[in-house]
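As written, the chains take the letters A, B, C and D, and residue 1 is the first residue of each chain.
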């Protein structure tokens, strides 16, 4: 029962076929890319189908690829099944400002993950019960994990390298 | 709840058993190390404040200012300005280490190709003034007295097995 | 006295029973168990709506210890990230190094030599023991008496001594390296470690003598904070709380890494899913960890403890001082850094508090393009509202401790 | 000097001597509590001030005196200031009825009769129970007047806890009254004359245990210290107090501790009586002092080992377990006393 390639992959492909835009196998892990409006449907199928039975969402995270200009944002979900012990990664690409339906209905554990992804990347999750800032302070402006956000941060607190040794 | 349980419950057996444990601690000798009076000797691998090693005969610093430690440091707290001696040997003119940012991970010691910088067993680094945490080359050289004893015996500042 | 295994419905019935034990007066008082609260481990803030003693609603608030770890890591090479992962779950920092290194090795395809895998297993299990002993001290202190705090911390001291001897630091070990561990076992470590490992099960027996049959602990812990396996899956609650709900899920056995597949140990499982059973699970895990450490010491293979792969791993200091090839590798690794292939990887390991997953996406450079730590305390902190609503305020303290949330882990 | 003036002088001497002695004892008991807490936990405890750290409690007092004494703006100031004294006074008053030596004997000091009790009050036990009830006001008023969430919760919890345990204490004490068929502590000690098997603890085992558990609740000590449960309610009714005002609360708690251990040893362990006839040459007060120290040690031992009950368990135990048991014990004692005559 190693966490290897999901044996139910055929089941998924036969169910969704063309709508699975991309299939990548790397280091024994399987990744599917779906369009953003199939997102909810695919994940619901992964959870409810007895052969796949992905009953735990390991984590949901956002990503920023500035070089892909037409859809710079990604949302990645890692699923794990306790009964079959296999894992799956489902990704979707988003344009700037495009939002995604929330999956807290399927797995309540996505609540904090979606809040963090919204806070760090600006990807809005429609229908999320409580979409507020989670890790940063309430009135923090900007989305820190975007690549163009400077690492020193924008709000004061700049590391005064010029003062070193002369404080 | 059999009769045995009622009797045990009535006679506070479980509570007395717990009290017997604290009772034994009452008489057993204590484990406190009274810090300022008694101090514990750190292990040879303990990573305390850094020190710059010098050649015993000439008193020159072993460091050749190759900037390896400055680049590998995750919190970028080593600042070196290299220079050349008369006979062409490069050495660090200034070697500043900002202890306020240092996380004591030991990567600088691990990557140094000439074993010039070493983590010592000095852990009493509390100061009232933040400027004292800006360690200068002189402080680092003077800190050699705290180098781990086991290390000194092996010639070139430890052979990495440490 | 392990009665028949309760089914899911039985657990749900008990949970409902413990909810309406106290009548409700209806008028609510809001209390903030804020960041400075003595029993909120670290800076976790929970706003409670209290109806008398019973908690009606909980609004958790985390992020007070957020250091932007993921942004920091994107700026650093794979070697420089290791000291950052120490600071995630600072009570078992080597396990965090280990998880990160496993993910990087999976990404780069680096093979760890057997001795390195054994030392990693040994150090990870020592961290697990230290973490569980620390958890017990804090958990019992929340229930009332400080004595236990001192006893547990004194026993944890023996493990921290071992870890300082092995890694060089008591808490932030920075001992993991890509391809193995930083240093070999020091001489004299074997004898000391065996002495401590033989001594610890007696200590666990003493903890159980005080706590296990104590009538007050029975009352404070049995049937309190029930979280069935269904809830655990939904809220991603993993590790000891999940195993106390009857699911024998342990990544050390289900997805073996390091040398766990060569170790024989059982997974500690209980079935009542309450605070009492989480205590039992953790005590069993301490005993299992001692067994694993002993097996590691018994059949420790000799050979290199870190991969000598020039493209990815740091060279041994011994070689750098002697031959020039290692010195070139040293300069290459520090200035250039290890090059990872283009791709993304997700590796989950069994941290003491639950399953920690590390996701790394790389664009082929020496810096990760995106790194994400799915740490257990993040999800356990989120699962506090369903766990605690309906229970009493003094139970909140016991339940919150039983799920073992540490804020470094939670806020990243 | 005629008898009444001598008695007056003796009374003044006793009224000054006993409280001072108790205060000195309390100062050292605070230090011993910290020292023994350390020993129970395998550590050394305070060692810096004085030999083995014995001046630590004076250090604490000076620290508290120098600390700022905050009074929260929104609190009910007069009540806030008054609360500590409401707890402090009853503890001292109970000392008046505590006998620490032979009473009503022959003339033994300067030719006049010296009674080893401040007030030979024939309803001493009832006075003790009444004063215990007054202490409840102090706690509830402290919690109420600090006008904060946590202190309100702490105050109400303490009030409910003390009231429910006073009942159990009252009933268990009546058993002793029946055995000595008098409510005066002096007669109770007389009734326990002889060796330790004559003490009331042997026949009144159940009553004694209930009384001990009830005093734990009365003192707000560990299995029942829900009022200032620092883990849950930050510091319960003491949250808003600071400086010497907080110090008076702590001082009152320890005076209560000493006095209640005195009462326990008087009721069940023969007050100033020596355990064996032959040991009678050691004067009475010494025995009482030794017994008080033994009981204070037991209270500390219990405090540092046992966890804390949850609030509703505490109440259910008080009403559903201790109360019926003490009534049962009372009935059995009554039957035995009336039959055995």
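Criterion: contacts are C-beta pairs under 8 Å (C-beta built on N, C-alpha and C of every residue); 3 or more make two chains touch, one makes a residue touch a chain.
This is a predicted model, so every value here is computed, not measured.
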| item | value |
| --- | --- |
| Separation of chain C from chain B in steps, with touching chains one step apart | 1 |
| Pair joined by more contacting C-beta pairs (B-D or C-D) | C-D |
| Separation of mean Cα positions, chain D and chain A [Å, integer] | 63 |
| Chain B and chain D, separation of their C-alpha mean positions in angstrom | 52 |
| Separation of mean Cα positions, chain B and chain A [Å, integer] | 40 |
| Chain C and chain D: spacing of chain centres that average the CA atoms, whole Å | 46 |
| Touching two or more other chains - residue numbers and ranges from chain C | 147, 151, 154, 210, 214, 216 |
| Numbers and ranges of chain D residues touching at least 2 other chains | 40-43, 304-306 |
| Residue numbers of chain A (touch at least two other chains) | none |
| Touch list for chain B against partner chain D, complex | 15, 18-19, 21-23, 25-26, 28, 30-32, 34 |
| Residues of chain C touching chain A in the complex | 62-63, 66, 68, 70-72, 75, 106-107, 109, 233-236, 238, 247, 249, 254-256, 343-346, 348, 355, 357, 359, 361, 369-370, 372, 374, 378-379, 381-383, 386, 411-412 |
| Contact footprint of chain D on chain C as seen in their complex | 21-22, 29-31, 37-39, 50, 53, 140-147, 149-151, 154, 210, 214, 216-217, 219-220, 392-397 |
| Residues on chain C engaged by chain B in the complex (per definition of touch) | 76, 79-84, 86, 147, 151, 154, 157, 161, 164-169, 172, 174, 182-184, 186, 206, 209-211, 213-216, 314, 316-321, 327, 330-331, 333-335 |
| Chain C-touching residues of chain B, taken from the complex the two chains share | 9, 14-15, 17-18, 21-22, 25, 31, 42-47, 66, 68, 71-74, 103-107, 110-111, 113-115, 119, 156, 158-162 |
